[in-house]
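Below: one structure, written as structure tokens.
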Amino acid sequence: MGWWGILNSVQDTPPGKAVRESISEYSELTLPNDSNSLGSLFGGKLMQYVDLAGSLAAARHARTAVVTVSVDSMTFLRPVAIGQLVILRSSVNRVFRTSMEVGVKVLVEDLRTGQQDHVSSAYLTFVALDQERRKIVLPPVIPETQEEIRRYGEAGDRRAYRLRQKEREKG
Amino acid sequence: MGWWGILNSVQDTPPGKAVRESISEYSELTLPNDSNSLGSLFGGKLMQYVDLAGSLAAARHARTAVVTVSVDSMTFLRPVAIGQLVILRSSVNRVFRTSMEVGVKVLVEDLRTGQQDHVSSAYLTFVALDQERRKIVLPPVIPETQEEIRRYGEAGDRRAYRLRQKEREKG
Amino acid sequence: MGWWGILNSVQDTPPGKAVRESISEYSELTLPNDSNSLGSLFGGKLMQYVDLAGSLAAARHARTAVVTVSVDSMTFLRPVAIGQLVILRSSVNRVFRTSMEVGVKVLVEDLRTGQQDHVSSAYLTFVALDQERRKIVLPPVIPETQEEIRRYGEAGDRRAYRLRQKEREKG
Amino acid sequence: MGWWGILNSVQDTPPGKAVRESISEYSELTLPNDSNSLGSLFGGKLMQYVDLAGSLAAARHARTAVVTVSVDSMTFLRPVAIGQLVILRSSVNRVFRTSMEVGVKVLVEDLRTGQQDHVSSAYLTFVALDQERRKIVLPPVIPETQEEIRRYGEAGDRRAYRLRQKEREKG
Amino acid sequence: MGWWGILNSVQDTPPGKAVRESISEYSELTLPNDSNSLGSLFGGKLMQYVDLAGSLAAARHARTAVVTVSVDSMTFLRPVAIGQLVILRSSVNRVFRTSMEVGVKVLVEDLRTGQQDHVSSAYLTFVALDQERRKIVLPPVIPETQEEIRRYGEAGDRRAYRLRQKEREKG
Amino acid sequence: MGWWGILNSVQDTPPGKAVRESISEYSELTLPNDSNSLGSLFGGKLMQYVDLAGSLAAARHARTAVVTVSVDSMTFLRPVAIGQLVILRSSVNRVFRTSMEVGVKVLVEDLRTGQQDHVSSAYLTFVALDQERRKIVLPPVIPETQEEIRRYGEAGDRRAYRLRQKEREKG
């Protein structure tokens, strides 16, 4: 696979780590104070959980302080009821030298029935910083499963679009 | 302008409202509990503020309950220090029949010097719901200034990209 | 106007700043957790917002750290419902060498109708501190509009009453 | 004592209750999130505690739902450090048919030394509401100690001033 | 195994469920506001997490509303630093007709190194309630691994001690 | 009484302090956000209050920083409704050289009727630390009333049980 060779040719790149080493699960029980006027969870509260879940995967890949540089996309598929358990699964999709795309999938479990529903998906970009708050070169991430390889490819497409957008805004 | 005519031809579309009727300003003082391990504001906390600020503009346009359906893009340009005042300006960029894109610009004011810096920009999509939680047809938004017209156009580009993405995921 | 001359004769008084330079607007969306047993906003929560809004105006006038030294009066005109937007407008009414009276007017907007109601008015006194936590001499504030001049006068009356009260408590 | 006879002549006034029946003590440990930029407790947070402490005394006198109608005065005598224990003592000073003045005294205890300092005093006015949110006629409060009688008298002075202020604002 | 037969002979006991069906993992990132005067996590905050983690396992076993009836033991083995990730693993150890003992093991992960330490163990008792808030008879729990069987036995010892204690307090 | 002599024979033990010097009262008004799915107070929230109340008594006895080392027992006798006042009374039951057992009794007051109910009892163990976070030898506690002497004895029984449990786990 071409991309892997290219990453390895970069002089100071640390050795790669498997996607599975960054897989994180984070959960929160939704509380009454987080309900909007319709009685379901505020979108902004779910964003806060997603950022936290994403930062866990990023920190486990980088093993240093990480900060969010962008939310590239986040969709809300259905409302979340108060009292339900929110389960967030995150992992690093792809590393771009000093930044990494993290994917977060959000499920909701109704504790009375055990039913789990997919309520949101998000893609965020993080960078890792050293003690002087300078960006560090990240170890590349190695996708191993079919699913991880698909996400790796799509992360590249999303980045290409963002770069085109930036060009247009400047030009 | 083409778009305006098209919106008017829709049978049940309510009369348009100017962008300026939705302009909102929301502010928060950052607190110690919202600091990450580097001593600056958590990205997730800023997302929560952005969602709230965006929902104010959406609610002022729709004058009914609104919910977030997606964060289409949010960039973090620089860290926010604890104790600084975060100022969020939002307005409806464009309406797509039952959904609306809201833009949020985030500034930070250092209260000791009065200096304001641009720290983040975000685009979110909201829908408005009636009592039975059904989406309602929104009044179109009328851009009046050069800036508002530019944002109106760009909102269309962003939507076109999102629709292409969805197509690809299905196909 | 007499007062102006007097302030200028003080040796180390910095040059005056207009009231409008301190005008601040701060807003909060009321949340379920802030409701009292009647389902409306706790008075204490509104006090917390008022203090924060007042401190913004004080900080913008002094451009240094400010602390509250007294709440001189705060009235609650009507209950605030949960889910409504609280809008707080504040500005410095008058400076008394090292202290300043700040006025805060509180409105509530029903986001579904756009109606705004006046729910509270408050007067607070702040001082500004230097690095060693010593009070600093403040720039006088210059009222420019009829309204600002009226508030300037009333601030003097309120202070005279407080001084008389203190005398009585000692005597 | 004249006032007592007058209150009794009112047809529907319930029998009086002693001040001591409303005496309340409420305490809070100050937390890192409540610190201002100087590292001490936000004035607004102390206001929130004071309102809560005052409402306990008011509720114990009225034994029905109570709401704050005004903060008549609150002074901050010294800063409160984070980690210290705030102790608030409150009682009803005087009843004015449908409203009551509550006094709150705030102490701070340094848990490492046991030293307690007086950091704030406040006077608030509460009303009590029935199920339909109408003001109810309150039982008069009976001061028994020298201290309670002094506070009873001063509450009358403060009310007289507030009524004069209102007159002036109208006239 | 004797206990199993006994549980089955109870007329209205629902069929048993394996321990593994109740295994839950819950995590929290410790925040600045949760630090005590020594800069580490408040014991009370960890208790709150433990109760929540325990209730997840109890709810997954009972699939109805559950409430805590006792904390039977909780030990704190070492302080938790702010900024660390707390990971809580819980499962039902044993069912006593209408109550169940849940065990919670608390680990802390240092996100910069990946090291995990065991910081606390706790045993709590929960009951499950029906719509009218009456206790329901629970399905017995079936331990399958050596570890689960050991915990099952110890849960019985702890309960025997608690019953003896109660006897002594009465007698 | 034997135990007293023994404590005094320890070389570096500071002079004893009466139980009454550690007696603390702490109260909290339960808020909507702390309600579980049945509309009553989360067990974990009550645990947090109990730990705080216990630490006040421990700090008043030790007059240095204290940390929780175990919750030895906590029972929930009845649910607590939102809006009720929780009152927590704590004192040091017994000192074991470097650790101390604190008892916490939890009452709930219905502010509309004044009725108080006993809702929980808890026993926790705390240690006191010096600046270098080393355990310090505590002053013994001197029980003076019949009740305090009874609690002193029971604290010894509870400790004996815990030591036996530890032995068994090792052996």
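Read from first to last, the chains carry the letters A, B, C, D, E and F; within each, the first residue is number 1.
In this text, a residue touches a chain if its C-beta (ideal position, glycine included) is under 8 Å from a C-beta of that chain, and two chains touch if they have at least 3 such contacts.
Note that this is a predicted model, so its numbers are computed, not measured.
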Other chains in touch with both chain D and chain E: B, F
Winner on C-beta contact pairs when A-C is weighed against D-F: D-F
Copies chain A and chain D - rotation angle from C-alpha fit, nearest 5 degrees: 180
From the options D-E, C-F or D-F, the pair that copies A-E, where over half of the contact pairs coincide: D-F
Shared interface numbering between chain F and chain E [over half = same, under half = different]: same
Length of the line joining the C-alpha centres of chain C and chain D, rounded to whole Å: 22
Between chain A and chain F, centroid-to-centroid distance (C-alpha), Å: 43
Chain C residues counted as touching two or more neighbouring chains: 32-33, 37, 52, 65
Chains touching one another, given as label pairs in label order: A-B, A-C, A-E, A-F, B-C, B-D, B-E, C-D, C-F, D-E, D-F, E-F
Chain F to chain D touching residues, read off their complex: 25-27, 29, 52, 56, 59-60, 63-65, 85, 111-114
Interfacial residue positions of chain C with respect to chain A in the complex: 31-33, 83
Chain F residues within the chain A interface of the complex: 32-33, 35, 37
Touching residues (chain side chain C, partner chain D) in the complex: 36-38, 40, 42-45, 47-52, 55, 65, 67-76, 79, 122, 129, 133, 161
